[in-house]
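Mind looking over this structure? Questions follow.
A, B, C, D, E and F label the chains in the order they appear, each numbered from 1.
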Amino acid sequence: MPRIAVYPGSFDPITNGHMDIVRRARRLFDKVILTVAVNRSKNSTFTLKERVAMAKACVRGLSGVEVDTFEGLLVDYLKKRGSRVIIRGVRAVSDMEYEFQMASMNRAISPEVESVFLMPDERYTYLSSSIIKEVARMGARVGDYLPAPAVEAVRKRFSRRTRP
Amino acid sequence: MPRIAVYPGSFDPITNGHMDIVRRARRLFDKVILTVAVNRSKNSTFTLKERVAMAKACVRGLSGVEVDTFEGLLVDYLKKRGSRVIIRGVRAVSDMEYEFQMASMNRAISPEVESVFLMPDERYTYLSSSIIKEVARMGARVGDYLPAPAVEAVRKRFSRRTRP
Amino acid sequence: MPRIAVYPGSFDPITNGHMDIVRRARRLFDKVILTVAVNRSKNSTFTLKERVAMAKACVRGLSGVEVDTFEGLLVDYLKKRGSRVIIRGVRAVSDMEYEFQMASMNRAISPEVESVFLMPDERYTYLSSSIIKEVARMGARVGDYLPAPAVEAVRKRFSRRTRP
Amino acid sequence: MPRIAVYPGSFDPITNGHMDIVRRARRLFDKVILTVAVNRSKNSTFTLKERVAMAKACVRGLSGVEVDTFEGLLVDYLKKRGSRVIIRGVRAVSDMEYEFQMASMNRAISPEVESVFLMPDERYTYLSSSIIKEVARMGARVGDYLPAPAVEAVRKRFSRRTRP
Amino acid sequence: MPRIAVYPGSFDPITNGHMDIVRRARRLFDKVILTVAVNRSKNSTFTLKERVAMAKACVRGLSGVEVDTFEGLLVDYLKKRGSRVIIRGVRAVSDMEYEFQMASMNRAISPEVESVFLMPDERYTYLSSSIIKEVARMGARVGDYLPAPAVEAVRKRFSRRTRP
Amino acid sequence: MPRIAVYPGSFDPITNGHMDIVRRARRLFDKVILTVAVNRSKNSTFTLKERVAMAKACVRGLSGVEVDTFEGLLVDYLKKRGSRVIIRGVRAVSDMEYEFQMASMNRAISPEVESVFLMPDERYTYLSSSIIKEVARMGARVGDYLPAPAVEAVRKRFSRRTRP
C-alpha cells in the first residue's frame, strides 16, 4: 500500500521554499499531495484557481506529486485521500509554536494522523509568501525566490509599480 | 481583608484552559473575579452579553468566583474592585513576550499592581479560543476543549456547516 | 566621506525608545536619517505629515540627525541617500525573527547594505508605539514613554476618552 | 525496498516520551532502528550496555523496531544501515534551535539524509531523561514517566536515597 | 490560616533581582520563605552557610520573610512547611521553558502545589547571580546589582583581582 | 578620528562565520580588532597562542583588521584600545537572550560603550565552533566551514580518528 503524505498550505504564491519541501517529502513517501486551502474568509492575493494553476505548473515533471484543493477540516481531507501524514515545513523556531498548536489539535481530532516537520534548505530560512509579496509590491525582483510560473504571476499582479 | 485577584480576558468563548486557571487562582486567593473585556474595537465572535453568560454558567458552583466586565484601563478596574492582583495563564513560551509587555505597562501605570502568571494543565498547552473556533468553523467537535455551556453556544454559532 | 545610517520605521508615533536608538546610532555614524515609511496600505494612527512633524520636533537640537520619508523598497531609498547602513532597534528576542527575515531579504536585493541591530535602554524593553496607543486610548497618561511633541499629539488624538 | 528510519539518542534512560516517538515513527516507516550513542566523552548515568538493555526490554513486542548502537558520525551510521531518515522528537520550541543546527550539519555532510521531526504526546512535552534523573535522585517516584524496565533500573541506581 | 509561599533558589549570591521578587511575593502572601537549596552535587561559589547568612542579612527588617534551607524534593519541603505555593521569578522568555518543565514535574508529584511566576522590575531583566560573578571576577564593581551584605561577600571572594 | 570596533570571542577555532562578521564590521568601521579572550577558567580546545595564530593567518590581507588578545573586563579593554563599539554576530534568535544580558551588563559598567549586532550570511546560521569540533572529532571533513588555516589545525588536532 503506497504511503501518501499531504502537504497543505495557502501557496499564495508557491515559493522555492515550498518546492524544496515537496521534494524532501517525496523522498520519504510514495506520493505527496500538495493541497491548496480554499480559505474563504482569509483574503488571498491570488484566487484559488490561480494558486492551483501555479502549483500545478511547478510540480509538472515531478513524479508522485499531485496538486489538489481542500476545504474544511484538514484531517477529514486526509481520510478522504487515504493519507495519515501531514507535511509541514518549519523554517524557524518561531514557526514551531503555531505548528505544535495545529498538530496538537489535528491529533486530538484524528489520533491516527501524524504531523511530520521538515526543515527546508537554509537558503529558504527567511523566505515566506508574504515577505515576497511585500517586496514585489515595492518593485523588487523576486526571481530568486519563486519558481518560474509563480514569478510570472507575481510580476503581472504587481506590474503597476515599476522598479526605478 | 480578603485577597482578591482579577482574571481578565476576552473569553470568546471561555475554554477548559480558562476554567483550569480560574480554579488554580482560586486556590491562591480568597476571591477571583473573571472579568470579560468589552473590546469595542476588536471584533469578537460572541457578544459581550453572550461571553458573560457563558462564563457565568461555567463558574456556577465555584465558590469565591465572580464574573464581571470591564472597559478601559485594567488597572483602573482593579482599583475600583479593591484588587492588586492580575492573573494571567501562560501556556507557552511565545505567550510570555506579550505578557511581559502588558505587565510592564500595567506596573508603570499602577506600581502596586502585581501580575501573577500561572501555568495551565499540560492538556491545555496548545489550546486557545481562536484555534477552537477555527476548527469548529470547519465542523470539528469541540466538546473536549470547552465547558458544557460554551460547547452549546459554539455549536449553534457554527451549525451552518455540518460535519461530513 | 561621512558614514550615513538610515533608521526606518512607522514612528506612529515616535517614542522614547526610538529616540534612544537615534542617539545610539548617532554615536556610531556621522549622520543618522530617521525615515518615516509612507505605508499606503497599512492604516496608521497619525498621518504621514503628523508623524514627520512629531519626529522633526523631537530631533530638533540633535546635530547630524535628519528626518525624511520613504516609499517603496528601503534599499532603493538607501542608494538614493548614499547610505549602506540600516539601523534597527531590537527590544526583545521575539523581534529578532522578523528582523532577520527583513535583513535577509534586504541583503539579497542589495548585498552591500548592512543591517545593524542596536539594543535600546532596558527601560524601553517592553515599549512600542502600539502598546502606548492601546493604553492612551483607555485613558492612561503616556508622558513617561513619549517625547514631549508626541505626548501632545497623542493626548489630542485620544482626548475623547478622559481618565476617570 | 523497505523504508528504514534511524532514531538516535543517549536514552539515558529511555523514557515514555522516547517510546511514544518510536511508535509514531514506526507508523511512518517500515523499520525503525533506535540507536544508542556511545558518547565516550560525555558522562552518562547508565553504561552503554545498560542503556541498550533497557531499550531492548522496552521495544520487545514492537514489530519492525530494532535496538542498536553507534559511534562516530551519525550520517556514516545511516549509510551503513541503508537508511536516509533521522527521526527526532521535538518537545518544545527551545529544542528546535539545536535540532536545526544538527540537521543542517548532517545535511551538509550527507545531502541525501533527511531529518524528520515528530511531536510527542502533549503529556511528554516537559519530560526529559535528565529531569527524571534529577527528581529520582531526590527520591520521587518516576513510574509515570518511564517504561517498566527503565523504572527498575532507575530505582536501583538511586536507591541510596529513600523517600521520606 | 496564613498563606505561605516558598521561594527556592541557589542564591549564590542573593541579588537585587531576588530581593525584588521577595518583596513582590510578600505583597501576595502572608509569609514568604526564601529557601536556599543545599545542592550537594552542583558546585556553588559560596557555601550553604555563606549563602544563608547573606540572605538573612538582606531580609532583616522585612516582616513575614524567613530564610531557610532545603534538600531533596522541593515539594516534600513545601509539605513540611505547610505551603502549597512555589514562587519563581521569570526574567526573560528563555527562562520559561525550564520553568515550565520544573513546574510540570512538581505538579505531577504534588498536584496540590501551584507554581506562581512573577516578573521582576525591568532593571533586573538581564541580571543573574552567574553574570554578576562573571564580571566581579574580572574586577567590575557590582554594588548596583547586589544588596549590601552580598556586595561585601562578593568583594572579599574576588579581591585577588583588582580593578585597573 | 578613526572609528574602531572590537570583535571579541573565543575563536576556538575561528570559522567562516566569524570571518564573515569581520568583513561586515570592517565595512562599517575604520578598524576592526578581533580580540581573543584569554579564558583562563574555561577549557579551550586550542591554546590562546594557537587561536591567535589561526586568526592572524586568516585576516592576513584584510586591511584595517588586527588580531589581539584580552583578559578581564571587555569594557576595560575597549577603553585601553580607544574603542566604544563591541561587535557581536547573532546567528539565531536563541543567541539574543545571552547577548542582551552581556550587552546590558557592559552598558551598565561603561555607558559609552555600544554593542552592535550583525547578522552573518544565512549559510552560517547554524554554524558554531563547537558544532564543527563535534563533527570533526567524529571524522567529518570541515573544509566548507573553516578558513584554510583553521582547517589545517583542526585536522591535526583530531587526526587520531580517521574517516571510514
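A few remarks follow.
Operating definition for what follows: contacts are C-beta pairs under 8 Å (C-beta built on N, C-alpha and C of every residue); 3 or more make two chains touch, one makes a residue touch a chain.
Predicted, not measured: the structure shown is a model, and the values here were computed from it.
On superposing C-alpha atoms, the copy chain D sits rotated by 120° relative to chain F, to the nearest 5. Interface chain D/chain E: under half of the residue numbers present appear on both copies, so the contact uses mostly different residues. With centres set at the average Cα position, the gap from chain B to chain F is 48 Å. Here the spacing of chain C and chain F, counted between their Cα centres, is 31 Å. Shared interface positions of chain C, defined as residues touching 2 or more other chains, are 92-94, 97, 100, 104, 122, 125-126.
Under the touch rule stated earlier, the contacting chain pairs are A-B, A-C, A-D, A-F, B-C, B-D, B-E, C-E, C-F, D-E, D-F, E-F. If you check the complex, the residues on chain A that touch chain F are 92-94, 122-123, 125-126. Those residues of chain A lying in contact with chain C across their complex are 92-94, 125-126, 128, 131, 135, 138-141, 144-145, 161, 163-164. Residues of chain E touching chain B in their complex: 3, 24, 27-28, 84-85, 90, 93-94, 96-97, 100, 103-104, 112, 114-119, 122.
Partner chain F is touched in their complex by these residues of chain D: 72-73, 76, 94, 97, 100-102, 104-105, 108-109.
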